[in-house]
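Let me give you the structure first, and then I'll get to my questions.
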Amino acid sequence: MRGRHGLAGVVAGFGALALVVGLSACGETKTTDTAKPGALEGKGPITLATGKDTSGYLQGALDKWNSSHPNEQVRLIELPESADQQRQQMIQNAQTKSDAYTVLNTDVVWTAEFAANGWIEQLPEDQFALDKMLKGAVETTKYFNKLYAAPYLTDAGMLYYRKDLLDAAGITAPPKTWDELKSACQKVAPQAGGAGCYGGQFEKYEGLTCNFSEAVASAGANVVDDQGKPALSDAKAKQGLDFLVKSFQDGTIPKEGITYKEEEGRRAFQEGKLIFHRQWPYQYAKANATDGSSKVAGKFAVAPLPGLTGPGKATLGGHNLAISKFGKNKGTALEFIKFLTSEAEEKVHLQKTSEAPVYAALYDDPELVKQFPYLPVLKDAVGSAVPRPRIVKYNDATTAIQDEAYAALTGTKSSEQALKDLQTKLTSIVGNK
Amino acid sequence: MTATSVDARTVPAGKPRGHVTNRRAGVGRLAFLLLSPSVLVLGLVIGYPIVSALRISFVKTTEGIDANTGLITRTTGFSLDNYTNIFTGETGRLFWNAFWNTTTFTVTTVVIETVVGVCMALIMNRAFRGRGLVRASILVPWAIPTAISGLLWRWIFTSQGIANDVLNTHVLWTTEGIQSWLAVVIADTWKTAPFIGLLVLAGLQIIPAEVYEAAKIDGADAWRTFWRITLPLVQPALVVAVLFRMLDVLRMFDLPFVLIGRGKMSTDTLSILAYNEMSNLRFGPAAAYATVLFVYVAIVAYVFVRVLGADIVGRGVGRSK
Amino acid sequence: MSAPVATGRRRRGAGWLYYVGIAAIVVYCLAPFYWMVVSALRRPADQFSNALLPDPPSLDNLVAAFSPGNGFGRALLNSVIVASITTVLTLILGISAAYALARLEFRGKGTILSIIIATSMFPGIAVVVPLLQLFVDINWINTYQAMVLPSMSFALPLAIWLLTAFFRQMPFELEEAAQIDGCTPAEAFRKVIMPLAAPGVFTTAILVFIAAWNEFIIAVSVVNKNELKTANVIVSQFTGQYQFDQPFGTQMAAGVVVTVPLVIAVLLFQRRIVEGLTAGGVK
């Protein structure tokens, strides 16, 4: 008999335990973060949560800082490689109000969400040389006109093109419009050995959002207007999406382009299977490698993206540095961010990692231009680049964009219908931010 | 308490009755001691999150944005909305689509895995030269971490990848359509058939050799021996293996996520929907999805155990006499 | 143990077919793995190649995987620690529980088995945040137990069910005979049941070990110090030189390094199973 009671006890205990801890979890869902910008005070050891430090540059910079700040050591916390997982880790950190992360290396599209949820601190504008920085990059750090992060790195797509083929066909300048791009391909086709005309990132992921926004902006429209309202009813938006849709239909973009992320496209370009390729700056060094990995080394150049009637606009990428609301020693964190985002440090960063700085002046530095010949083109690209929607529910917005754009590209929806549905979806997402 | 409820097997006949009662109490206490650590660990690490998720699934959160600071304001209340929303409108369509994917993945992969796994076990159980090598190779797929095998298969199935090269096709495996569903099935069966193989092998290994010798003497051919003797004897192990495979596939998440990517109608599973809600910070709806999936899995498992595996909970058949 | 299923007459006829079957299964299992190895042995520059052999072969990817900045060696050690502790603890708890469920008579067995299996019906991703909250509250972030305990809980239901099935198959008479011979129940269990159930126990051990070795979602969330990360987490951090540049070769090299020790360990285990059997006296 006692035995039976005992077992019943185990079961009951299990239930009771679950109930108690379950109820104790009530608090966490109800909390409403009404964070007011607090003073960034406190000195002491901090951490920097970021994606992998591949070049070793960051550790070097940290060592430099640590040797001059023995009582304010910074420890590097490396997060998984994918942006999705980095965001996931940061959100979990905020959800549990853990002080594990102090400084966060955030993607430019996360600012609004992190700020609105009260996960990151407001920063004092006068402490940063914002006027020397690229305007577009600075905009990505603001939410409700307040600074929530320091601009750190920037990025924008460029048009890689096969200069050798264009030269051979007597085309002296890279195409400025989509029509020019298509006709260039027709001229080049006989010598191109069956290479596809144009490639980009069209798989259903964040890259598609970038490529879609770019196409819309390059046609002269906007995904969301200056007031943050969706603006896809504009006829030009349809022309932008139509460029991609029709390119798939007429084979300007090879069929397999729908599976391209950055690396699949780079593979095609490096194997000589693409004449034009919309890609980030990182491809420049890779495709120019002379170790036999690239068949197009020395045969290509970069230009600004083409548009409907003239040069197009790129989507702005990049990273910012923010301070977690739940971290300790925020005074040190602020000083450390100022150090990492200083012009001198960003120059070293560029030289070691080829990641694009936010200081306009560095793009004109002759020494750097010699090392990175694409810098002038990149400067134009980031200078005119359009931000992706800066809204709290960015993740919902980008999912909606990917759903509709992908449907249009694969032909399951007309571009008109896709844009109409997207307008409705985005309106409701922005509406209940 | 009388001796009638005591299984005759546990108490050898002829012992005095009082002894039996004492022993029975002792058995109960022993069972309590043996079981409580497991139940405690499971209760703490799994039970607690389940209960807290259940609670959150009934909490509806209404969000707004403070017009001055831009900070999110949240009001919460108890409601069934998280559940009703799952089944209505656009989300309803996505739900039933994911439900269908989850179910077809489960049925297809579990059937294939069972057949392949049993074959593997039969082969591994036989003596022949190079058996060690065969065993090693069968284990390999299962030992590769899912995240890495997802990447591997993504690379294999990429448009210019080796799969298209070998098959001499230009299939776009990772785009919407039956081919992406198939790619997931291929990768999943490859990875987990060895799991069933291993468990069935263990089941085969405890079959006493005399059983087969008796069958041989009776003149049963290999096929009959398999159906009449081997299969019934490995049934308990096989049932557990298949059951746990079903539980896993029904909750499948990382393989379609890494291999095909989320947001594809052809391969989105219920777990992926739950993940999407969570990554969009809608914890209530995410918990509701998780709970619905939980209920679905429980029903499937219940039916399965009732139909095939009563002996696991009950007495145990196939005891060699 | 040889399974004398095929009679001599049939063996000759079906022999070659049988080996074709073996070959087919080996190829099926190894072909994708082969691709992994080949990809790992290419030069990083050749990562897009579809050639069936790495030409020229190179260890660069392996070297890159073990480059000091990654801390991969330390991570492998962490994986071994976490997976071993998990396996041992899970087996201890699992064997006790399964023994009770299979060999002892008491009420509520079905309920307990149902509760245990119910814990493996909830989607794993939904467990992470509450669990993380718990570990933050009790200061378990950056500890081994924060990885071991969840891994144990994920493996326990399978271990208990499986061992219950195996223990249940053991003839009760053996145990009774041992007890009549004067063994205590504990001795009867150790000397009679365990040797007979050895294949089941070893298989369970292998399954638990591999599951713990492969666990990712919890490990990535509860540990942020590089010195404590497991191999899987470190591999997920591998990036190329640039943000978008996926070092497929290095990832595959790491995959091979993570997989091969596991297979060797399992093979050693397998040998033990066979030995355990022949020693156990099931003749």
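The letters A, B and C name the chains in turn, as written, and every chain counts its residues from 1.
Throughout what follows, contacts are C-beta pairs under 8 Å (C-beta built on N, C-alpha and C of every residue); 3 or more make two chains touch, one makes a residue touch a chain.
Protein identities per chain, from UniProt: A = ABC transporter substrate-binding protein; B, C = ABC transporter permease.
Quantities reported herein were computed from a predicted structural model and do not represent experimental measurements.
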Reference chain B (ABC transporter permease); chain at largest CA-centroid distance: A
Two chains sharing the most contacts, counting C-beta pairs only: B-C
Averaged-CA centre spacing for the pair chain C (ABC transporter permease) and chain A, given as whole angstrom: 37
Inter-chain centre distance, chain B (ABC transporter permease) versus chain C (ABC transporter permease) - centres from mean C-alpha coordinates, in Å: 15
Residue list for chain A, restricted to those that touch at least two other chains: 3-4, 7, 10-11, 14, 21, 25, 267, 271
Per-residue overlap in chain C (ABC transporter permease), given as positions that touch at least 2 other chains: 48, 106, 112, 115, 129-130, 134, 236, 248
Multi-chain contact residues (two or more partners), chain B (ABC transporter permease): 24, 27-28, 30-31, 35, 39, 42, 44, 47-48, 50, 52, 160, 283
Residues of chain C (ABC transporter permease) touching chain B (ABC transporter permease) in the complex: 1-7, 10, 21-22, 25-26, 28-30, 32-33, 35-36, 39, 48, 50, 93-94, 96-97, 99-102, 104-106, 109-110, 112-113, 115-127, 129-131, 134, 149-150, 152-153, 156-158, 160-162, 164-166, 168-169, 171-172, 176, 179-180, 185, 196-197, 199-200, 202-203, 206-207, 210, 213-214, 216, 232, 235-236, 248, 251-252, 254-255, 258-259, 262-263, 266-267, 270, 273-274, 277, 282-283
Residue numbers on chain B (ABC transporter permease) that touch chain C (ABC transporter permease), as the complex places them: 6-7, 9-10, 12, 24, 27-28, 30-31, 33-35, 37-39, 41-42, 44-50, 52-53, 116, 119-120, 122-123, 125-128, 132-149, 151-153, 155-156, 160-162, 165, 190, 194-195, 198-199, 201-206, 208-210, 212-213, 216, 221-222, 225-226, 230, 236-237, 239-240, 243-244, 247, 251, 253-254, 270-271, 274-275, 278, 283, 286-287, 290, 293-294, 297-298, 301, 311-313, 315-316, 318-321
Residues of chain A defined as touching chain B (ABC transporter permease) within the complex: 1-7, 9-11, 13-14, 17-19, 21-23, 25-26, 29-36, 84, 87-88, 91, 113, 115-118, 143-144, 146, 203-205, 255-256, 258-259, 264, 267-268, 271, 392-393, 395-396, 399, 402-403, 406, 410, 412, 432-433
Residue numbers on chain A that touch chain C (ABC transporter permease), as the complex places them: 3-4, 7-8, 10-11, 14, 21, 25, 28, 47, 49, 51-56, 59, 77-82, 85, 89, 92, 95-98, 100-101, 155, 262-263, 267, 270-271, 280, 282, 286, 289, 291-293, 353-355
Residue numbers on chain B (ABC transporter permease) that touch chain A, as the complex places them: 1, 24-32, 35-36, 39-40, 42-44, 47-48, 50-52, 54-56, 59, 61, 63-66, 69-76, 158-160, 170, 172-176, 261, 263-264, 276, 279-281, 283-284
